[in-house]
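Listed below are the structures to be examined.
Each of the next two complexes has chain A plus one more chain, namely chain B in the first and chain C in the second.
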Partner chain A sequence: MEFGPHLLLASLEGFVTAAILALTAMGLSIVFGVMRVVNVAHGEFYMLGAVIAWWVASLLGGHPAIGFVLALVVAPLVVGALAAVADRLILQRINYDPDRTIVATIGLLYIIQQTTLMTFGPEARPVEAPFNTRLALPWFEFGDKGLTMFWPWGLSTTSYKLFVIGAAVAILLGLWLFMRHSRFGLLMRATQQDRETALAFGIPVDRVYAWVFGLGAGLAAVGAVLVVPIQQAHYLMGQDPLLLSFIVVIIGGLGSLPGTIIAAVLIGMSDGIISVFFTPTLAKIIATLLVAMVLVFRPQGLLGRRAQ
Partner chain B sequence: MTGKSRAPNLMVFGVLLCLGLLFLVLPAYHAGNLARIMVLAVYAMGYNLLFGYTGLLSLGHAMFFAAGMYGLGLSMTGWGLSPVPAFAVGVGAATLASAIIGFLALRTRGVAFMIVTLMFAQAGYLVILYFGAYTRGDEGFVIQQADRMIAGIDLSGDAARYFTAFILFAVCFLGLAWLVRAPFGRTLIAIRENEERAQMLGYDTTMYKLRAMIVSGAISGAAGAGYALLFGYVGATFATVQYSIFPLLWVLLGGAGTLIGPLVGVFFMFYLIDISSAVTSAYMLIAGLALVLLTLFAPQGFAGELRKRVFAWLP
Partner chain C sequence: MSDIKSNKPLFTRRATLKGIGSGVGAVAATGVLPGSLGFAQAQSSEPISIGFQVHRTGIGAAYGRWYSRTTEAAVKRINDMGGINGRPVKLVAEDDGTDPKRGAEVVEKFATQYNCDVAFGTLFSHVVIGSAPRAGELKLPYFVVSEGHHVASGRLNRYTLQPGITDVKSQVKAMAPFVAENLGKKVTMIFPDFAFGHDHRDYFSAAIKAQGGEVLETIAVPPTETSFTRYFPKIPRDTEVLYHVMVGPSVLTFVKELGEFFGPSRPEIFGFIDSLEAVDIRSPGLEFLNGTYFWEGNPRHAQADQSPYDKNFRAAVGVDDRGASLSDSKDVSTYSHMFGCWETLNVIKKGMETAGYQGPADRAKLIEAVEAMTDMAHSDDHPQGAKWFDGKTHQVFGHQYISKVEDGNLVVVHTTSIEDGMYDDEVDYTTRPL
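Now for the complex of A and B:
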């Protein structure tokens, strides 16, 4: 394949990564923004989403679309409820102390991951995509005969991948409307701005926290359900998304939701495009060092405000 | 008053005496475990200086541990150095790495510091994989038993291994016991408690934090080099995020900002995993449960709770 089409293909793959990453990182960002805690177990909620999707799909049988749609509803609900319970049982009792929360969520990470290993097993298991038509893409070139269009071999994507991008955009839009215009969104934003004042105005901050923690985990689960037809479900699959979500949240500016989306697109795309030019390992080294350097010289992130 | 100020010294020597004598009592299997525990405790103590005493939460210490490990391993297999200079190369590599990372990462604070150190350590891990031709990547390489000799003593023998680990531990333990009560250590604690106030009193806090980072990195590197030397294996696993999280767990379990805490934490965690891995392959489940329970019921770790309830003098 020539260079131009290859780059287009890499950008498309990058967009799919970015879409999933935006959902997952948004969950982490909301939790951090409202509750001011770092949730290290976030990647495991993602993994749980994928595992539950496999479970629902394999239990149901029939056309893959039925299982997939049901998983898209069930997985976030179950994972969100689990996270809310964990918040009630653990985080609330340690009063959201930053250091202790990190340790407790590391503990939670191992509990979730190892319980999955004991029940789901160490194998990677696939979930069938609801639809998966191959779409060839055209490429334009300016030659002797003017602008010509042709179909390079291998330049293609699948309808499912385009669906993932569309679904992620739709969910994020829905989330934005929910935060802006619903009563719960109002309570969330009030709690985020000033916990004490919110408490004084009679907002049940404890309950808001549990819902926010559940919502964050649910978003990760949605991302995982979307990704599981492309990537298989595995009990260790939560590690990479955790690391990448961290990067995205920090680069975007802690607690800044638009920043999170911009950073997700940036990181997802560059992940795809850098790997065109370099070997995967070298690409990862460069990306990691770049992120570290951005943080060193602009610790507040791209859209974050400097802390007082 | 004099009795109280003597108590910490008594404890330090008491701990060392116990560890020295334990070798005579313990069966070979547990003596081997204890040698491993002592080396890992050195790593935890290095981490504790930065996290427990200075209040900086790093998630990138695996890089310094691995720098020590590969510094020793590669200089022994590649350049044919003997163990003692190779050990110096390992510690030197870790010191250099921590100076560079410290210089850059200390521009940030809080969560950003955590992530920056994590990123650098991740880059370090990937570099090890990238140069797989020399480092053999995940698979790692073995340092031959014949090379692991100091002055004719075979370090892979039970007694030699135990006492080499013991000496490494004792040197770091005594050094840190002195350091944290010296003006330097006191200043670090002041920075942990209130950085603005320390700054106001005229301390160059950034400089102190950088020095703490370098000492911490050098000790972690010594642990890494010691581990490679005594157990003869160098691998990329030791550079992964997990090995950055381990010292944090050990220190929190044992008690952050206490001298004895790291040893207690490593000991507890080591045997917890040792016992539970006999029962199930998902042994980290028990570690996870332990962590959650600890944060709920003993947030200051074992030594920290002891200090709070019984011995206020615990250093």
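Now for the complex of A and C:
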């Protein structure tokens, strides 16, 4: 494949990765920013989202769009509720002690993963995309006859992949508006800035925490529902997103939402482009190296604030 | 433990507790005492116990599910026919997580803890390569159903045998002439990046070269990969035949994205059915496969000239004419591989009968009896087809099937002969000590 079309294809693949990653990492970032909890079970909430999407879609017959739209609503709600319950039952009981929350969420990771294995099984199961047409993409080139347009071999994407990118942008925009302009967003930001003072002003911090933990898990589930028609639901699918989300959150700055988005695009695009031109392993190596560099030279992340 | 009373008439509470403690400790540490005692008491009525190493979880889970069903059906048939040497057969199934390290532990458990007579059933080549050395050390006959060339290459040991399924080297050697003559000579290969995929890369490259063709590009994909479009731009434009083989939980995504990449202008495509094992070929997005070719180890869709043996095999395992479960048409089998479990168990049965197998002391005799086998007739014991076993390399040779996809049906267009897949021996295991 020629260089230009090849790069365009790589960028498109990278944008899809970045879109899903931004949603998933945003969940992790919000939870850390507000609650100071490192949620190791985040990838499993993502996996649960995909599994529930499969379950909803396979229960409903008819056009695949019906199941998909319902899954997009049901899966985040169920996963979010589950996470909120886990917060109440586990994290609150151990007072969000940093060491113990890590151990507790590792435990949660295995409970969710093994329960899924025992019920859903070890198979990968597909969810049909609501629409999926192949879109061949043209390429322009300056030749002897001026600007000419042609259709390079293999240069294409699908309507669904474009939809994933659009949907992720819309959801993140909605999230930003919600954080900025809703009452709950205000409570969240207040809790994030100073837990003690928020408590003194009568903000029910316990309840805010449960909601935030649910919101974080729900965002991971949304990402998974969007990705499941491209990939498939599988009980081990949470591992890669967890690792990448941590990379994104560390690079972007723990708790910084714009930083998370910038880092997600950076990692997603570099993953897409490097793995197309070189190898996917190299992409992972570079991402991990980038984390090391950020930790050494800018420990607070690209847009994070230094701890006081 | 019961000796304590007789040896020490004036036993104290402390001595008794110590004795019980050490006795319990010894049993727990070795784990073999009850089993071996029980076996010695019940010489011939004790069941023959077959340790079944199964990929119940991990990337081989879909294969594991069907290997289980086939194995259970084969054991039921053997027991219905009176067992082996008049003794019933018992399966001891244990999950290896499709993980080589865990695989070696499972083999060890079969030998020392469950005191199994033989170990059996492993598919994924990296698990076989990880487990076989331990089986050799423990002198536990290890019957694999794996397709990898590692058995016949001489890399393993005298206790590891593959009598129920052909290996990749033989398969691709038999296929290459068909590919070169009917599809094209410039081939690009996409394969999973582990031992099994490397067998494909090495032996198909050599085989197509022998036919006057060439491999333009080899594209290795990690078997745990979930997104594949990024690999496809490496396919050279002048590729005449795309050769694909993929395993793992994302095979459906792999084939779908392949179709999306090529759109209307695809080259000829020749795939190993591994890329679609346990996947319905009529799944949405796979329409582009019409007109492409697949290697099949055993035709998934019942053919017009179906043998009575294939019919009986399907009924016993619970598979319909399209290779799906009788109880759930969405549950598609790994039909090109699972027959290997059925056939291997029948080889074990025959080997044990020839050797007059009584117990673990006769394991070496069993190996020699299987090594002495040669022709295996197309029968209910060998429903995939006739085979020839090479005792020196511990590898069986058989027929291969090439199917064309027509309206979502796999139609066999060419069957290779056993000789097409033969190659020179690379090892003589019979010269190694037992």
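The criterion applied here is as follows: the second predicted complex is superposed on the first by the 307 of 308 C-alpha atoms of A that agree within 3 Å, B and C clash if a C-alpha of one lies under 4 Å from a C-alpha of the other, contacts with A are read in each partner's own complex, and residues count from 1 in each chain.
Criterion: a contact is a pair of C-beta atoms (placed from the backbone, for glycine too) under 8 Å apart; a residue touches a chain by one contact, two chains touch by 3 or more.
Quantities reported herein were computed from a predicted structural model and do not represent experimental measurements.
**Q** I'd like to know which partner A:Ala10 touches here: chain B for first, chain C for second, both or neither.
**A** In the superposition, A:Ala10 contacts chain C only.
**Q** Per the contact definition in the header, classify A:Leu117: touching chain B only (first), chain C only (second), both, or neither.
**A** The answer is both, since A:Leu117 touches chain B and chain C.
**Q** More residues of chain A are touched by which partner: chain B or chain C?
**A** Larger number of chain A residues touched: B.
**Q** Using the touch definition from the top, say if A:Phe246 reaches chain B (first), chain C (second), both or neither.
**A** first
**Q** Once chain A of both complexes is superposed, is A:Ile90 in touch with chain B (first), chain C (second), both, or neither?
**A** First partner only.
**Q** When the two structures are overlaid on chain A, which partner does A:Gly272 contact: first (chain B), second (chain C), both, or neither?
**A** second
**Q** In the overlay, answer first, second, both or neither for which of chain B and chain C A:Met237 touches.
**A** In the superposition, A:Met237 touches chain C alone.
**Q** Please indicate which partner A:Lys284 is in contact with in the superposed arrangement: first for chain B, second for chain C, both, or neither.
**A** first
**Q** Show me the chain A residues, by the header's touch rule, that chain B contacts in one structure and chain C contacts in the other.
**A** 117, 281
**Q** For a test of understanding, state which residues of chain C touch chain A in their complex under the given definition.
**A** 56-58, 61-62, 64-65, 222, 225-227, 229-230, 232-233, 235, 237, 249-250, 252-253, 260-263, 265, 278, 283-285
**Q** In their complex, what parts of chain B are in touch with chain A?
**A** 57, 104-105, 107-109, 111-112, 114-116, 118-120, 122-123, 126-127, 129-130, 241, 245, 248-249, 252, 280-285, 287-292, 294-296, 299
**Q** Flag every residue of chain A that touches chain C in the complex, lowest number first.
**A** It is residues 1, 6, 9-10, 13, 17, 117, 121-124, 126, 128, 132, 134, 136, 153-154, 156, 158, 230-232, 234, 236-237, 240, 272, 275-276, 280-281 of chain A that touch chain C.
**Q** Hey, which residues of chain A end up touching chain B in the complex?
**A** Chain A reaches chain B through residues 38, 90, 93-94, 97, 99-100, 102-104, 106-111, 113-115, 117-118, 239, 243, 246-247, 250, 254, 281-282, 284-285, 288-289, 291-293, 295-297, 299.
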